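Accompanying notes for the structure given below.
Order of writing sets the chain letters: A, B and C. Residues in each chain are counted from 1.
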Amino acid sequence: MNGNYLLQQLINGLGLGSVYALIAIGYSIVYGILRLINFAHGDILMIGVYAGFAVVMVMHAPFLLALIIAMGVAALMGVLLERVAYRPLRYATEEATMITSLAVSIFIENLGIMTVSAQPKPFRVPEYLSVIHNWGQVSVSNMTLLIISLTIVLLLVLVLFVTRTNLGIAMRACADNLNAARLMGININVVVSVTFAIGSALAAVGGLMLAGQYGRIDPLMGFIPGLKAFIAAVIGGIGSIGGAALGGFILGLAEILLVGLLPPAFSPYRDAFVFVILILVLLVRPSGLLGTGEGRRS
Amino acid sequence: MPEAMLELEKLNIYYGNIHALQDVSLTVNKGEMVAIIGANGAGKTTTLAAISGLIQSKSGKIRFENQDITHAPTHQIVSSGISHVPEGRQIFSSLSVAENIRLGAYQRRDQKGIQEDANWIYSLFPVLKDRRSQIAGTLSGGEQQMLAIGRSVMSNPRLLLLDEPSMGLAPLIVELIFDVINQLKERGMTILLVEQNAYQALSQADRAYVLETGRIKLSGTSSELINNEEIQKAYLGG
Amino acid sequence: MLNQRDKKLTLVSLVLLALVLFSLNQFLPGYYLRIINLIGINIILVASLNLTNGFTGVFSLGHAGFMAVGAYTSALLTVPIAQKASLLPDLPLWLMNIQLPFAVALLAAGIMAAICAVIIGFPVLRLRGHYLAVATLGFLVIIKVLLTNLDDFTRGARGISGLPGITNSWWVYGTMVITLYVLWRFLHSSYGRGIMALRDDDVAAQALGVNITNHKLMSFCIGAFFAGVGGALWGDLITVISPNFFSFNQTFLLVEMSVIGGMGSLTGAVVGASLMTILPELLRNLEGGISLMGVTLPPLYGLSQLILAVLVILVLIFRPQGIMGRWEFSWKHFKKHNKEEI
């Protein structure tokens, strides 16, 4: 194993990590305010990706437009979902909301299977994204560069939003103390909707990148990445934006490095590895790396 | 003729099967400071929470400046001009002092006015000014109470609800806080104060209500109540 | 404990059940008989799920994983040796040359599942709420990955076929009666009361001396045991097993049955499992496309799942305790007023 190989794995890991980071943020910010794990998060991003797919493959529009449409559709779906399925259960037991969120996930997946068929559809990104740069023995595609830089930009924008704008600060306030936020005259329903919208939009970006990477889309594509992103959020500390991003990058790197450095016989176990990491983290430090502490009995 | 600002009319509130407030009626007139005193669990906090919309009542009415706010959502009640400083400070502990203050003015749009009011709060509580960028969770109990009050005042309310501002604080701090509360009253703010420390409450307020297991037992001016033998025995250690 | 009257009534109903099953086996065509057997198996699975999730408050999403362990254990012990040799040439000899009676295999299936439960339970049961749920989901994924990749033992994704198909109504319902009886006895023992105390308020229960870990672990293991048995029966019924059958979807189907029937009630398990086994079958007919008053609906794969999911959400919003709530069937409800009272 030489330095070049390691560098290659690092870059690939950053790419995958970016995707996980974007999706993980959605889980984190929703959990921060509602203490709800939106298991349907991965499926919402799938809807956004299909919208983007329609734009690119069917209408042959530029990729940038696909990105915007995917984000918009996902945001809308996220808000709709919250309004219809989660808001009526806002004061229900943790168990009930969890089951509902799982049921919604199944609903969306089957809706997808019913309407667009379970068959994967090919997804081709524009030529300029497939261009590969070679620096010595390390190769990076434009796609990877795009996803990493896009993630960094979006993260910065998000941080600015939650520290400089009224609405953003209100989001943080809601995550901190929901009742006190009410007393400030903050309309919780609006903040929750915005939170869902932002989380879903970011996830759609991640999903689109994944679709481009794998070259195909299918109605179940959001499930495993969604689950892994959730694990990333837990690792970083659920409820924290920084934690979600950090967790995402760590998980992406860990997954790629595990696959890249261990003998090939272990590759099919990569999904299992990720869950083992999750269980370890939950046992050792359930509040995650940057989290505020919850989830374990004292 | 005193102008009624806040009227509670036969309010009934249940927590599950527990009848927490029973036919509670009270009035707060403009410019007054009215206190609600009573033992722990009497329903004082529940009363304030009902006014600010945090909990819903089963029956009865709440009127503010002649408008029915009984079932209004909290954010609407805040924009009507009521601000509630909750029990136990309830500041945003992961946000900075400045951000907490800013959030108090969440519904306002007049940047200049907001800045002026913030400066005024900092003049009332200089220690907050020193700690502007500090994370609110690291403040002492007294400082957090000052922050909580300052934050609520930022919305420019006409009626301020204060829930046990002296709880758990040293006498010196309590004095400081009540000094500020008086300044607020002088500025024209109407105040409804809930206090377990009956003596403190009665020495500051104009009128008071005594709440006992969810019912209004007595009401009157502060001097009437201070001189009432029953009250002295039950709440003033007399 | 049951009194004389209750014992008699129970015996009578068991005899009735046997008679019903007998007639069904004689007269019902294969497809419908299979559904009847499936109902029995699902009752076992959902009742065991209710024990863990509803009664103990341990929200586990890994039930299908225990099913898988049970199914594969039983398969490896009951598939005829010749078949095993051709499908799984690399099995260790002691496993290759063994073919055990079905009852023993079922027991082994349950025990293996229970062992897994102990292994996972120790670390994971310390968690609560969503974290616990996701950790158990993780177990499910890990099991699936293991089953798919340990080719020598499991034939990977291709699965194992040629299971003897011994399962019939008697096996299913016999096991079901035993399962319900064991669960019932457990819940009415002091352990069981401790568990229900845990569910309602674990801090108070602890103060009263209930050892949380022990109780949760015991409940988790018993639930897993019967999930393993149920899985074994199921695998044998359909004579083929593959890792894909034991997916998250499978677990969730059981959760749906549990929720709709009522998570905190064994009667609920029976009701939920029965209804929710029949309903998807009915709906599946819709998936193939039907003609309604001259309008032909196109095939809608996934419709049955979708409707179930919506049903669950509606139940959670409008009647979260399920059909039965915490109500348990009891002969008491049939008491005649004039006779016993003095």
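Just so we're on the same page, a residue touches a chain if its C-beta (ideal position, glycine included) is under 8 Å from a C-beta of that chain, and two chains touch if they have at least 3 such contacts.
On a predicted model such as this, the values are computed, not experimentally measured, just so you know.
Enquirer: Using CA atom means as chain centres, which chain is nearest the centre of all the protein shown?
Expert: Per-chain C-alpha centroids compared to the overall one single out A.
Enquirer: Two chains share more C-beta contact pairs than any other pair here; which two are they?
Expert: Result: the chain pair A-C has the most contacts.
Enquirer: Give, as an integer number of Å, the spacing between the C-alpha centres of chain B and chain A.
Expert: Averaging C-alpha atoms per chain gives centres 42 Å apart.
Enquirer: CA centre of chain B versus CA centre of chain C: separation in Å?
Expert: That gives a centre separation of 55 Å.
Enquirer: Cα centroid separation between chain A and chain C, in whole Å?
Expert: Whole-Å distance between the two chain centres: 33.
Enquirer: Would you mind listing the residues of chain B that make contact with two or more other chains?
Expert: In chain B, no residue touches at least two other chains, as defined above.
Enquirer: For the complex, which residues does chain C have touching chain A?
Expert: 53, 59, 61, 123-124, 126-131, 133-135, 137-139, 141-142, 145-146, 148-149, 202, 212, 248-249, 252, 255-256, 259, 300-303, 305-306, 308-310, 312-313, 316-317, 320
Enquirer: Within their complex, state which residues of chain A touch chain B.
Expert: 166, 169-170, 172-173, 175-177, 179-188, 292
Enquirer: Where on chain A is chain C touching in the complex?
Expert: 37, 85, 88-89, 92-96, 98-100, 102-104, 106-107, 109-114, 117-118, 223, 227, 230-231, 234, 268-269, 271-272, 275-276, 278-279, 282-283, 286, 295-297
Enquirer: Give the list of chain B residues in touch with chain A in this complex.
Expert: Contact set of chain B toward chain A: 52-54, 73-75, 78-79, 83-84, 86, 90-95, 99, 102-104, 106-107, 151-152, 155.
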